[in-house]
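Labels run A, B, C, D and E following the written order; every chain starts at residue 1.
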Amino acid sequence: MIGALQGLGLLAAAAGAGFFLAGTVGLIRFPDTTSRLHALTKADNLGLGLVVLGLLPFAGSLGAALKLLLVWGLVLLAGGTVAQMIAARVRGTEPGA
Amino acid sequence: MGGLVDWLLAALVLGAAAWTLAAPTGFAAVVGFVGFGLLVTLAWVRLGAVDVALTEAAIGAGATGVILLMAVVRLRGGAEEVSAATPGRAVMVAAGLLAGGVGLALALAVLALPDPAPGLAAAAMARRGELGLGNPVAAVLMGYRGLDTLLESVVLVFAVLAVWSMAPDRRWGGIPGPRFPRQEAGPLALLARLLLPIGLVIGIHVAWVGAEAPGGKFQGGTILAAMWVLAWVAGLVQPPAIASQAVRLALVAGPLAFLLAGFAGMALGEGFLAWPPGLAKPMILLVEAAMTLSVAAALALLVAGPPERAA
Amino acid sequence: MSAVLPYSIAAAALVALGLFGLVVQAAVLRKILAFNLLGGGVFLLFGVVARRGAGAGATADPVPQAIVITGLVVAFAATALAVVLALRMHQITGAATIAEAAEDGFPDK
Amino acid sequence: MSGTTPGGWLLVLALALPVGGMLLAFALGGRTAERIALGVLGLGTVLAGMIAAEVYAAGAPLAYRLGGWAPPLGLRLQADGLAAAMLLTAALVLLAVALFGRAAQATPPGVQEARAPFTFWTFLLALAASLAAAFLGGDLFNLFVALEMLTFAALSLACLDGRPSQFRSELRYLFFALIGSVLYLLGTALLYGAHGTLDIALLAERAGADLPTLLAAALMTAGLLAKMALFPLHLWLPPAHAGAPPAASALLSGLVVKAAFVLLLRLWIWVLPPVPAGAGAPLLAGLGAAAILVGSLIALRQERLKLLVAYSTVAQIGYLFLMLPLVLAGDPEAAARAWLGGILQAASHAFAKAAMFLSAGLVAGALGHDRVAELGGAGRAMPMAVIAFGLAGLSLMGIPPSGGFTAKWLLLTAALGTGQWWWAAVILGGGLLTGGYVYRVLAGSLTAPPAAAPRPEPPAQGPERVALALALVSVALGLVPLASFGLVQIGRPILGGAP
Amino acid sequence: MAEILLLLAIFILASAGIGLWRVLRGPERADRLMAAQLLSTGAIAVLLLLDAAAPQAGLLDTALVLALLGAFASIAFVLAARQVERP
């Protein structure tokens, strides 16, 4: 017996997984570091975001739901800032591997 | 379905390990190792060992990764030396045969382990109540095998002093590690300031829940250490001079509290490292708090390294 | 219980990979990494043992779990020390490997 | 059997005292560390003596059940004859080295705390704690933690001089030690998986000749051999031991390798069933024999005194392994002789080698170099140090009366008694080679100094006396009537009735 | 339902694994850092899905720790590298 909310949640989580795949395809297909970075940011922010949203109806308690959101927030925050950082380094004088 | 997860995960773990060995540069190898740590964390969850998963996430992937990443940017060059010292084909083949043989024997031995497996799960679960602890792993660490934990916390003090003792004589008593400029503006400075309080709360939370749920002093202490390192590299704090009395006390507080609690058990007639009934839980929590402090201090100082500057 | 087979194989293979790397890799940093892979294999083997011993309401035998936690902390301390030694050696001599140790270091006082 | 015995609290103190002392020394720092170390090591010697006396009087091992938890769930400390004898040996050598270090490792005046002295005194206590844990531990994983403590303590002591050239050999040392630890840990994982316990006494009851147990034993043995630097894994030892300051070298060569040896005995004599152990023992003894011959031959060719002494350690470690096939041969009388011989070898080598490193350090310090070919005049300038070196050399050679002689004689007669004459031949050959390198040093030091050489600075009397005292103990062990060594047999499993 | 969640976990793990291989190949350091980032996010998603499929104490905390330390490790590395690489 799956509630309507949980059904929607599953759909959202599946969409999130789709974003992960899209990110991966981007990583494989894109020719240069900067565009690969874009692909990755999508996967990070949207993929995980949709998974978190989708799982909210499954959270057993308010605390668990808050933890889910906190996880997303941390990944968003860190991912976004670090991506900027990397982009700056790529444009700048990064000596390579 | 569950089986598929496990096979996929095991394959990825091995893939990341192989990459770590074969990577073209030291940096690529370290990144491979961090990925390895993340995958192993998932493996621990699948093996039903969430306590270990937390530890692996904090120490294996987190702290070890950071130490190695910081090392790899400081270790440069040496390509010719490395290729000159790399053994020839004969040694490679011999090493491969030896390692492969050990691996094969190990796999066979694991398959030959008795079924049902002998173990202490039932005993450990049954008696944790005597310690007032819900988490059986905490009961093992603080109760049944308390001496291991006590000695391990002492090992951390050894390790810190060992790292310090690698410094040049004239730097003794000074400040560990390089100096990082204070980050006033920019996204990193903002992020560091934002992350710090969140991390502190999470670290204390993880240490605190350890009595009942997965977590504990080592995991929580590692997170706190990571937050200190973050503040350090963002230029918000300076490492303390190693001559500082406060640092020394923070490092020994945990093991010393554990030792004293052990003697308290002896004085109360229960025996060394025994927790007196009724007082077990509060005493354990007290010792755990001191241990969290010491673990955090030790790990942070291990990352910071030997003293490099005058105080 | 069926879950342990993939991890048993992975643990054994990790031990083999780590040993191989320790012998074959020349750079100190790579040796440190190989040591950590080897350690990872050993810990994973404890994980398999713990899982096999699950029961009485525990998803895995807590005793090997506690052993691994202790072991992880010790391995981290060892890694930190090895890294510091490697950095100091690099700083002073510029060396990145530990080849040829034998009789090179006994200057007159 | 695994409950707490009367006098068990002594074991707790023997471990907790150096642990607590180390923590306090670390926290308080500077000269206080030195004072704490001297006090704790003195007390530790008294405690070790009390434990030995208690074990001897009771005729049975002491045990302490930690936290009141019974094995297999809990841990226990235990002191049988082996542990008591090694604990006493370690306590005496540690105390002697501490007294020696008062001059060499004093905090310089005008400084609150200096790197080398502070590290030395703190790790002296750390080493005492690690050795106590390794000798008294009754659980294989607890012993792993002890091994790791030992690694950190030994490595830092070896690095004490902080000379740039040291880091490479210390890194090698660290890698060998770490690989050894990991292999040992791998074995404990298999043993736990197979038997559900890591308690040595319980494993002794449960372990059979099954694949996991045998592979575990093989891996753990390999790990311990790497830590003991048994031939052909010996290459890391000489540069690491010879590069340390004399006080540290004495501890590394005299004591640290013995801790791994005690673990090896626990594994082979206690845990492993007699049949597979008996089958594997000749292999180990063969490596030991190779170590004796190769180590001695290389020592003969060394040009540096400290390296010569370090290679002598490689050789003397080999003797320890000769006891295994003799103890496991199935002849109870020969087993008892070989057991005593092996432990006596471990103890007398600890005293003799510590004496040798200390006196070699004094000689090198006074002459300003340690080239074996240019030792002329050393005998005149510091007779006590040279006599100490010579007496220790007698013990290592196995010349009567000395502890080394008794040890080697016991091993020799056990070898002949069990029909394994080839080990006897190795013992004799090793003695001759040892004589060769000790003679080189003594003959060199007793010649007149070259006319142009600067007059060597005579060292302070105190350190010289310490070296001499250690050498005398090593010799005096040979004067003690054999019957009074009954202590070391207490708690040894009797393997005579092997199926 | 638990099966669907597990399936999603496998899906994400597999795609992160494939992506990992691509980025680890480089050629830039930035590519490799992205690899770690990608795997970290994937691992977090897998942990969340596993917890939803079969709730287990501590799983969410583990995900939280990964998210926190992932952020920490990236920043710490960039800052440390900046410091060391300055001439």
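Please note the rule applied: a contact is a pair of C-beta atoms (placed from the backbone, for glycine too) under 8 Å apart; a residue touches a chain by one contact, two chains touch by 3 or more.
These numbers were taken from a predicted model, which means no experiment stands behind them.
Among the remaining chains, those touching subunit C as well as subunit E are B.
The fewest steps needed to get from subunit A to subunit E, moving only between touching chains, is 1.
Among the remaining chains, the Cα-based centre furthest from that of subunit B is the centre of D.
Distance from the centre of subunit A peaks at D, each centre being the average of the chain's Cα atoms. Looking at which two chains touch through the most C-beta pairs, you get B-C. For the pair subunit B and subunit C, the distance between mean C-alpha positions equals 13 Å. We define each chain's centre as the mean of its Cα atoms; on that basis subunit A and subunit D are separated by 57 Å. Centre-to-centre spacing of subunit C and subunit D amounts to 26 Å, using the average Cα coordinate of each chain. Centre-to-centre spacing of subunit B and subunit D amounts to 31 Å, using the average Cα coordinate of each chain. Shared interface positions of subunit D, defined as residues touching 2 or more other chains, are 73, 141, 145, 148, 152, 155, 167, 186, 190, 192-193, 196. Touching of two or more other chains is recorded for residues 26, 29, 32-33, 56, 61, 64, 68, 71-72, 75, 78, 85 of subunit E. Along subunit B, residues 2, 9, 24, 27-28, 46, 50-51, 74, 102, 106, 110, 113, 117-120, 124, 144-145, 148, 152, 155, 158-159, 162, 166, 188, 191, 195, 198 each make contact with two or more other chains. Listed by label, the pairs of touching chains are A-B, A-E, B-C, B-D, B-E, C-D.
Only residues 2-21, 23-30, 32-34, 36-37, 40, 43-45, 47-70, 72-74, 76-81, 83-88, 90, 94-97, 99-100 of subunit C touch subunit B when the two sit together in their complex. On the side of subunit B, the complex with subunit E involves touching residues 1-2, 4-5, 8-9, 12, 15-16, 19, 23-24, 27-28, 31-32, 34-35, 38-39, 41-42, 45-46, 50-51, 53-54, 57-58, 61-62, 65-66, 69-70, 73-74, 178, 180-181, 183, 188, 191-192, 195, 198-199, 202, 205-206, 209, 213-215, 219, 223, 226-227, 229-230, 233-234. Put simply, subunit D touches subunit C in their complex at residues 73, 141, 144-145, 148, 151-152, 155, 163-172, 174-175, 178-179, 181-182, 185-186, 188-190, 192-193, 196, 235-236, 239, 242-243, 304, 306-307, 364-365, 368-370. Residues 3, 6-7, 9-10, 13-14, 17, 20-21, 24, 26, 29, 32-33, 35-36, 39-40, 43, 46-47, 50, 56-59, 61-62, 64-66, 68-69, 71-73, 75-81, 83-85 of subunit E are the ones that touch subunit B when the two sit in their complex. For subunit B in complex with subunit C, the touching residues are 2-3, 6-7, 9-11, 13-14, 17-18, 20-21, 26, 29-30, 33, 36, 40, 43-44, 46-52, 55-56, 59-60, 63-64, 67-68, 71-72, 74-75, 77-78, 81-87, 91-92, 95-96, 98-100, 102-104, 106-107, 110-111, 113, 115, 117-122, 124-126, 136-137, 139-141, 144-145, 148-149, 152, 155-156, 158-159, 162-163, 166, 216, 218, 295, 298-299, 302-303, 305-306.
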